[in-house]
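Just so it is clear, A, B and C label the chains in written order, and each chain counts residues from 1 on its own.
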Amino acid sequence: MEAGIVSYGAYVPRYRITPAEIGRVWGSDGEAVGQGLNVYRKSVPSPDEDTITISTEALRTALVRGAIDPQQIGAIYVGSESHPYAVKPTATVVAQAVGATPNLTAADFEFACKAGTAAIQTCLGLVGAGMIRYGVAIGTDTSQGAPGDALEYSASAGGAAFVVGRDHVICQVHHTVSYTTDTPDFWRREGQKYPSHGGRFTGEPAYFRHVTECAHRIMETSMTSPKDYQHVVFHQPNGKFPQRVGKQLGFSDTQMKFGLVTPYIGNTYSGAALLGLANVLDHAGPHERILVVGYGSGAGSDAFDLETSDELAQYDRSFGRPVQWYLDHGVELSYAVYAKFRGKIHMGEA
Amino acid sequence: MSIARFWRETPRRYNLGGSKCSTCATVYFPPRAVCPECTSHRQSIEKMIPFQLSGEGEVLSYTVVHEPAEGFEMQVPYVLALVQTREGPVLTGQVVDISPEEVRIGLKVHATFRKLREEGKAGVIHYGYKFAPTEEPESHPAPRGPAAVARTDELPARDRAPA
Amino acid sequence: MREVAVLGVGQTKFGELWDRSFREIGIEAGLQALVDAKLSSAELDGLFLGNMASGTLINQEHIAPLILDYAGLARRHLSSVRIEGGGASGSLALHQGYLAVASGLYDYVVVGGAEKLTDVPDAEATQITSSTADHEWEAVFGATLPALWALVARRHMHLYGTTREQLAQVAVHDHLMGSKNPNAHFRNKLSLEQVLGAGPIAEPLGVLDCAPFSDGAAAVVLGPLETARRHTDTPIRLAASQVACDSMALQHRKEITTLEATSAAAHRAFQQAHRTPQDVRVAEIHDAYTISALVSLEDLGFVEKGRAGPEFANGQFSGGGPLTVNPSGGLKAQGRPFGAVGVAQAVEIVRQLRGEAKDRQVSGASLGLTHDVGGTGATVVVHLLERAN
């Protein structure tokens, strides 16, 4: 049996804020901005949450669902652009918190919004080569846009964990390919609190070119076309880009339906495509084919040609919450409380 | 707080590792070297074995804290509770993801993993257990605005969150 | 074991003593007590000093010889020992002084208690005092001392139907008593509405349910009862001195609405003195939080478990019954300089038994009790004092 996905779990923090509320503070028509982005609300982490806690919650769910002994995990990679430490791995805390230490390798990945998919590819390699039994790939972020910046309307928090293994694979990986160039569309320099971006440059030469090229490459490799897939998941920095690229590539709204979660929780960056995939797996039955095309600024795309297996019918998804629950629930915050939670208020020295 | 002092407790604070008296089967958290319950107190020495708590329990008592402990200023008001765990030990911890007015004695909760405090902006971050409601809090409503693509109640039973 | 008597007492004003240092207040109380006892310092054998947290509060450990020195006794090279037991440090020192004299090793000792809370900001004082609970398994998770007592309050309300108003009555009572005490931190009376309307600290406890952070010191001189008449016309016998301990953390207690250490210490004290709770006419009990007064009354045996709320609200302990509680104003109104509290309780009971309590004199007071609690009840000290015939 080839390496594939054997379990998964998702986590999104409880709080939400709407574009209208953000716009109210900055004197913009937030509702119109939200409609333009196809984002109705975005998730906000509590002051006591970060990518380490989100990763841990998502992975604990995955381990229970898959009845996986954490001591059998050979690798944990956490992809994020908002690791709590600049130096000191997120992955080691997560490994300790799920009981996977000490006999494993662990590292943090960073590739803007596609560090999570890069982590899946790495795990597929290690598991496929027989070097480890289980590999864990997590994509998670508590991303921030600068106050008043367009990014602030979408940058949110959440993540998903995927366990890669060879036994009881619930979702096979037929192929994975990548497409990588040097494209400075979005970045954050060392020591800077908020990221910078190239405005409209983040569109055509960045997101659309990489996603489109990578999607074409994987369908070429897999000898498939859009009609072969029940579901498609794109990276979703907002609700609009994935819809547009999907249409351009020839996918229907039905195919995109479960893979699009950003309108309801915002852009979870490294978590975005993976939460879309988790939502698809929450709804899918056996033998459904899924195309995933992630994207990370800087820039690159990772694509996966996936197919659910018979094992999915036996897989117990009842533990933890389905992604749908997080899309449907949440407690809305005022901008003031959101600003406090996100550390945007200048505090006096203690 | 010194780094080592917190670090050496991570197996307990992260994973709820307790201990159990192999003589009388009483469970303790944090672990103990000797059993206070055993009639033959001295004989329990070196007979305490590691025991893993499930993290499930219910609220025995609670308070809403307005004058915080150091490092908890951003979370005021926060709920602090005594949680009676399924296995016996009572733990002190925050209850998160619930409005303070919804907490009650008997509320079912489970352990969750959160930041406990940071040693300033440049210091180490300490993590550990808090508790979250296992039952659905009523004030966790669907946000305003368009609903998501499919409602939870339209999903097959297996996809629903556990009751 | 020989009988021990209190020969003299002294106490500073409690409150925010901005212009006075730890040493100054410590010396003032001690010298007052020596003068009151008509004791020559040449007769002294040692000093026992109750103090909770001088290291974190004033950056000074090793305070026992320091106080001895500034009391002018360093040249005599007496023994001077600091005793720490959280909020019960003062009465633990009294216990040690009692043991020293009762054993016959020492004849005359000064027992002092002193604390200086206002030299640090309130938030820091909260943190320091919370370290008298279990730091690693309570405070680290967000618990403060008032939050832990609030957990006791909520559970007490749940189990016994104790009401928010009944809690508030304790504060009203304490401030009424404190208004007659010139040494009290607070001398203003409070209405029930004021207590109920005060801002929350840890629900259900509000600002006025909690004792303040105070500076202050108190001292007593102990000596053998047999020679007490040389020093005073009204020697007060220490009829019992008992200490009991329990699990440090509230979470490890069998039942959080009962302080078993209080029950144990009280039981032993009444046994030692061959007395019962019904014999006590005046008591200084731990009321750092309104709930702690109610729980203490129950665990000391003055009222049935769960009944303290309604009985207190009836005025039962405010002069309307055989027992009057906290005529000093208690920790709530007289003030809470942690290490000084237990000694100040003894000072008040001695004054009551001598009939020197002026406006706040409890009539017919012959047997008095002090009850001092460290943390949430991990250390409890109970003393019984009575007029020697």
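Here, a residue touches a chain if its C-beta (ideal position, glycine included) is under 8 Å from a C-beta of that chain, and two chains touch if they have at least 3 such contacts.
Here the structure is a predicted model, which is why all the values come from computation and not from measurement.
Centrality annotation: B (chain centre taken as mean Cα position, compared with the mean over all protein Cα atoms). Of all chains, the one whose CA centroid is most distant from that of chain C is A. Our note on geometry: chain A versus chain B, Cα centroid distance of 27 Å, whole angstroms. A straight line joining the Cα centres of chain A and chain C is 59 Å long. Separating the centre of chain B from that of chain C, both taken as means of CA atoms, is a distance of 35 Å. For chain B, the set of residues touching two or more other chains reads 75, 116, 130.
Shown for chain A are the residues in touch with two or more other chains, of which there are none.
For chain B in complex with chain A, the residues that touch the partner chain are 10-11, 14-15, 74-75, 96-97, 99, 112-116, 120, 125, 127, 130, 139-152, 155, 158-162.
The touching residues of chain A, when paired with chain B in their complex, are 14, 16, 18, 40-41, 46-50, 52-53, 56-57, 60, 84-85, 93, 96-97, 99, 257-258, 260-261, 263-264, 282-283, 316-322, 324-325, 327-332, 340-341, 350. Put simply, chain B touches chain C in their complex at residues 1, 5-6, 9, 13, 30, 36, 60-70, 72, 75, 77-78, 80-82, 89-94, 100, 105, 116-117, 126, 128-130.
Residue ranges on chain C touching chain B, taken from their complex, read 123, 126-127, 130, 136-144, 146-148, 150-155, 158, 199-205, 247, 249-252, 256.
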